[in-house]
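Next come two complexes, and both contain chain A; in the first it sits with chain B, in the second with chain C.
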Partner chain A sequence: MTQILVNGMLLSANYALIALGITLIFSIMNVLNFAHGQMFMIGGFVVYYAVVVWGLPFPLGLLGAAVIVGVIGMVVESVFFRRVMKNSSREENTMLLAVGTALLLENVALSLFGEKQRGIPPIISGVYRLGDAFLPANRLLVLGISLALIAAVLLFVNYSRTGRAMRALAQDRTATLLMGVDVPRISTLGFGLGAALAGIAGALLISISGVNAGIGTAISTKAFIMIMIGGAGVMSGALLGAVTLGFAEALGYAFFPGSVTYLIIFIGLILFLLFRPQGIMGKPWG
Partner chain B sequence: MAAVLDATADTAPNRGTTEMRRFLMTAVPLAIALYGVIPLVVGGQPYWLNVLTNACLLSFGSLGVWLTFSIGRVNIAQGAFALIGGYTTGVLTTMLGLSFWIALPLSGIVAATIGILIGWPLLRLRGIYFAMVTLSLTEAARLAFVNAGSVGHGVLNIPNPPGINSPLAFYLFAATMLLAGFVAIWRLNVSRIGWVFRSMRQNEELASSIGIDIARFRVLAFAICCFMGGIAGGCFASLQQNIYPQTYTVADSINFMLYCFLGGLEFVLGPIVGTFALVIAFELLRSIQEYQALVYGILMIVVMLFLPNGLLSLRGLISRRAGGAK
Partner chain C sequence: MIQVSRRTMLMSTGALVLAAVMAGPSGALAADKVLKIGQLGVMSGPEASWGLVNKFSALATAEMWNEKGGIEIGGDKYKIEIVSVDDRNDPKLTVSGAERLTGEGIKYIIGPNMDTTATSVRPIAEKNKALYFPYAFARSLYTAPAENAVLGMVASYQVAPVMYKILKEERGVKKIAFIARNDSDGLLQREEGVKVAEALGLEIVSKDDTYESSITDFFPVVGNVVAKNPDLIVMSSVAPAHAPQIMRAAREMGYTGLFGAESAQDMKIINEVAGEMGSGLISIGGASTPEIRSPYMEEFIDRYTKIAGEWNDEAGTKAYALEMILGTLQKAGPAAIDDIEVFKAAIPEFEMKNPFLKEDAVVKYVGTADFGQKRQIGVPMVITETKDGELTTLSIGSVE
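And now, the complex of A and B:
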């Protein structure tokens, strides 16, 4: 039982990074980032190349993943989304553009990195024991970094000037514009930050489970489950969703084969949405 | 085929001859392309016939997704219903020994029934919520079949439809299905129901306030979509002679949706144009091997960036440009 709780916590912390990133992008841009999983995957590959191919230390790889994926996010926002948001006739178009971006990134990754599953050796070795649960030091490190980053993101969004501008943008785009905030710059920054979080999540998880070029859709699906549980566009909801999914997964894997776990999660999710379509923290609409 | 056209000609809405002329302007070239041009050009090449058969069946499924777009829902579940249809055809023909011609309509009906049961509550969701939940549905359907006991490893040796045993015959069958689907959706779209659907896309509350039973109409749209997905899946299962849980994944559901979008959401012809353009482009790019996926992805994003309202919106753009130049 302790093991399940430990596993749940480890998963939750990692998923929280993914969920925070996609929520940040959604609340600022009102775009559901279908490419989130692909950004996660690219983050993982950056670390793989840094650590295994070029022999750089892991922290440098992590930084590289955050910067590279962050820049990809900013480019995608300023080149793709801004253009389409300006001259499309239906609101679905931005979502479909996100799907297109996801396919583009996945295809680029397939061409560049090939189809093989890639992993890196554990960053630090050793195993701790907690009661009757095993706690590999590597996973503990990943948990620590994740928690620190979650705290940093929350502090940044809640207390920095840029973070305040982002929250304002999420509330009311026009009003924010009228208050003299440089909206395009904040949008780009927000998209970049969200993407960087996905990249970091991938960079951290590659030391545990590895990545391959096709993993994106599965990760995006998980991100969607989390924001459906928590409520789209709400930071606290994203964290709640991540914790729920993390523990549900840890519990499920302990008692069922892998594919049954997710089937149960999906059925549970659909039943949950019948009673609370806007998620736990989301605002009801219409 | 002529009979198909004539039958619809008689029942087409009599809202003036403009509607009829517009219909014929689209349906006749489509029929000529499907029955004349394509068999003439690729009739001797089984490989390309197969590709175009796929394109016809995928278009058929996309037409259904297009209908859910017309009520303002982004539906990423078509893969799930194609899977259900494929499995229904597979199980009915191999295990129960039913004829394909009975199994196929049943596949559509089973898919539509499941669509109604799931769609009734879920269609309350909108926007990204509906998109996300339908995406989850595709994955849930795959997992459900993986865990469905003996059929979880796939159904093999599904017979070809009786009487259809050459690639050309199968192509003509798929083309006929597509044309029939196109005619049906066009007819629906110009009928009163089509107007109801469009009014729901613009504003559901308003539609409801003038006495439209929105819950029933959105389930109707979704059920038709699922029916078409089920039929397409059943045909595929029979064409490929097998069906596995991983035959349709989230990627396939996403493709169904993208075909509609790239063709143009404002046109009934949109999903067909989008599917054929993308399927043929993907095949043509096969010669550049490892860059196939890359170039395909770039092409797709370029279309999205420069023609955000679909390939068919090009016509409107050109005529507007030409009109402006005069």
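And now, the complex of A and C:
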């Protein structure tokens, strides 16, 4: 049982970074970023090239992933999304744009990085024992970095001037505009921060499971599950969604044949949404 | 500054395009006949490497022949042109891809890569009289009344008896566990593997653990398998991307036994993802291990590396399809280029020197034992083991 709890904890922390990024973008822009998984993938590849190809230290690769994917996010927001949102009142247009961006990034990655799985050696080696559970040192380090980053993001969003502007934008776009906030700038920064979080998650997880050009869709799917559970656009909901999914996976894989786990998760999600479509922490729509 | 009107610009561009179209291809076509070979498979998404290795292998072989002036069939030289279609592992796209290729008059198609996609090609191939070379193991594809598919590699159920026997007798394996991808290929390979293990008297300690191809962390899944304390963990239909992740997760949980895979793996990926935890994987390879490869294989590896950017050990099994198609066409004669019945008639007696092996061996069509007809390329059954970051040859056999 200890191993199951350890697995749940490790998965939850990894997923939390992914969920935070996608919910940040949704809250500020009201855009479901279908390309979130592809941004995760690019973060992983940045670290791969930094560490394996160019021989740079991992922290530099991690920083590079955050910056590069963050910049990609800002460019995508200011060049594509802002324009489409300005010219179209239909929400599905931004969804289609997000899907198109996902396909674009995936195919560019396939051309640039090739079809192979890429990975880096563990950042630190060794395995700890927690009761009868195994806790690899590398996963523990990733857990620690993830928790530190989550705390940093929450502090930034809650207490910095820019973070408060992001939260204001999430609550009421018109009121924020009337209060003199530079909405386009905050939107771009928010999208960039959300993308950077996806990049960091990819950069951390490449040291555990590696990445390939096609991994994006699976990551995006998990991200959507998490924010549907927790409530789209709510930070605490994203974290709750991550913990729920992480432990559901760990428990499911331990007690049911492997593939039944996600079947149960999806059935549970459908039933849950029937009763609480806005998620645990989300406000009812309308 | 010179002012250029939009109309002048458009006209100039049009003239340039027209000139390029008339001067380029028509000159080349006049000099050479072209033999088009199709390649259809998954080249994007998590399984992208399976189809892309087919594509790069076919391109490498085609380039090597084309540099020599092309392939001579019935006294005429043909330049080889590879036409690739990505089916994204979606049978609907496989069907449209097969229709597109056969619509272009292509009679020989390398791929697809999965049972579902390979099965979906069958009606198209039969209707349009095309022959295809899948890398999928469903017996129904190659057993009469089906006769338009030729298996391009050694099937898992052909490798398993040999592999498990070696591991039982030489490595003392007694307890075996299976972990399978949850798709038709993975489940089929697992069922076949379980039958073989039972026949050999091995104790099956786990066989229900499966995972989706979209899995992102194997730690929780592998934990169940490791807890059963097997001597060998067989990864059924494992993708090269997933094998090192499973191995690493198992080793991190204290597993010290062996791993088995009845599909080709890639040493570079294993080294990158699993590092020193990647030793002890027994899998099927091609003719690419250094101790058995011929100079022609070395040349193929160089060419493949130039095209794909780096070598992939999977290509050792996928180097054979185009060479066999070309060799058979040479023997069957020019009529076979447009008539697969002529090609099929040449299959039973056809054999050629295996160009990829250093030793003097022949490669021919096999499959009678499993399919009742020769509908399989006789790729050597090279069983390899990963040891200290290298692929080493454990045994070499053949399929009849």
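Before moving on, here are some points about what is shown:
Criterion: the second predicted complex is superposed on the first by the 283 of 286 C-alpha atoms of A that agree within 3 Å, B and C clash if a C-alpha of one lies under 4 Å from a C-alpha of the other, contacts with A are read in each partner's own complex, and residues count from 1 in each chain.
Please note the rule applied: a contact is a pair of C-beta atoms (placed from the backbone, for glycine too) under 8 Å apart; a residue touches a chain by one contact, two chains touch by 3 or more.
Please read these numbers as outputs of a predicted model, since none were measured by experiment.
In the superposed pair of complexes, A:S209 makes contact with chain C only, with no contact to chain B.
Of the two partner chains, chain B and chain C are each touched by A:Y262. In the superposed pair of complexes, A:M41 makes contact with neither chain B nor chain C.
Shared-chain residue A:V243: touches no atom of chain B or chain C. In the superposition on chain A, contact of A:M226 is made with neither chain B nor chain C.
When the two complexes are overlaid on their common chain A, residue A:L32 makes contact with chain B while staying clear of chain C. Residue contacts after overlaying the shared chain place A:P277 against chain B, while chain C stays out of touching range.
In the superposed pair of complexes, A:A66 makes contact with neither chain B nor chain C.
Shared interface residues of chain A, touching chain B in one complex and chain C in the other, are 106-107, 110, 217, 221, 259, 262. Residue ranges on chain C touching chain A, taken from their complex, read 43-49, 52, 179, 182, 208-212, 214-221, 223-224, 240-242, 244-245, 252-254, 266, 268-269, 272-275, 308-310, 312. Residues 3-4, 7, 10-11, 14, 52, 106-107, 110, 114-122, 127, 134, 136, 139, 205, 208-210, 212-215, 217-219, 221-222, 249-250, 253-254, 257-259, 262 of chain A are the ones that touch chain C when the two sit in their complex. Residue ranges on chain A touching chain B, taken from their complex, read 26, 32, 80, 83-84, 87-93, 95-97, 99-101, 103-108, 110-111, 217, 221, 224-225, 227-228, 232, 259-260, 262-263, 266-267, 269-270, 273-274, 277-278, 285-286. Chain B meets chain A in the complex at residues 69, 74, 118, 121-122, 124-129, 131-133, 135-137, 139-140, 143-144, 146-147, 204-205, 249-251, 254, 257-258, 261, 265, 290-291, 293-294, 296-298, 300-301, 304-305, 308-309.
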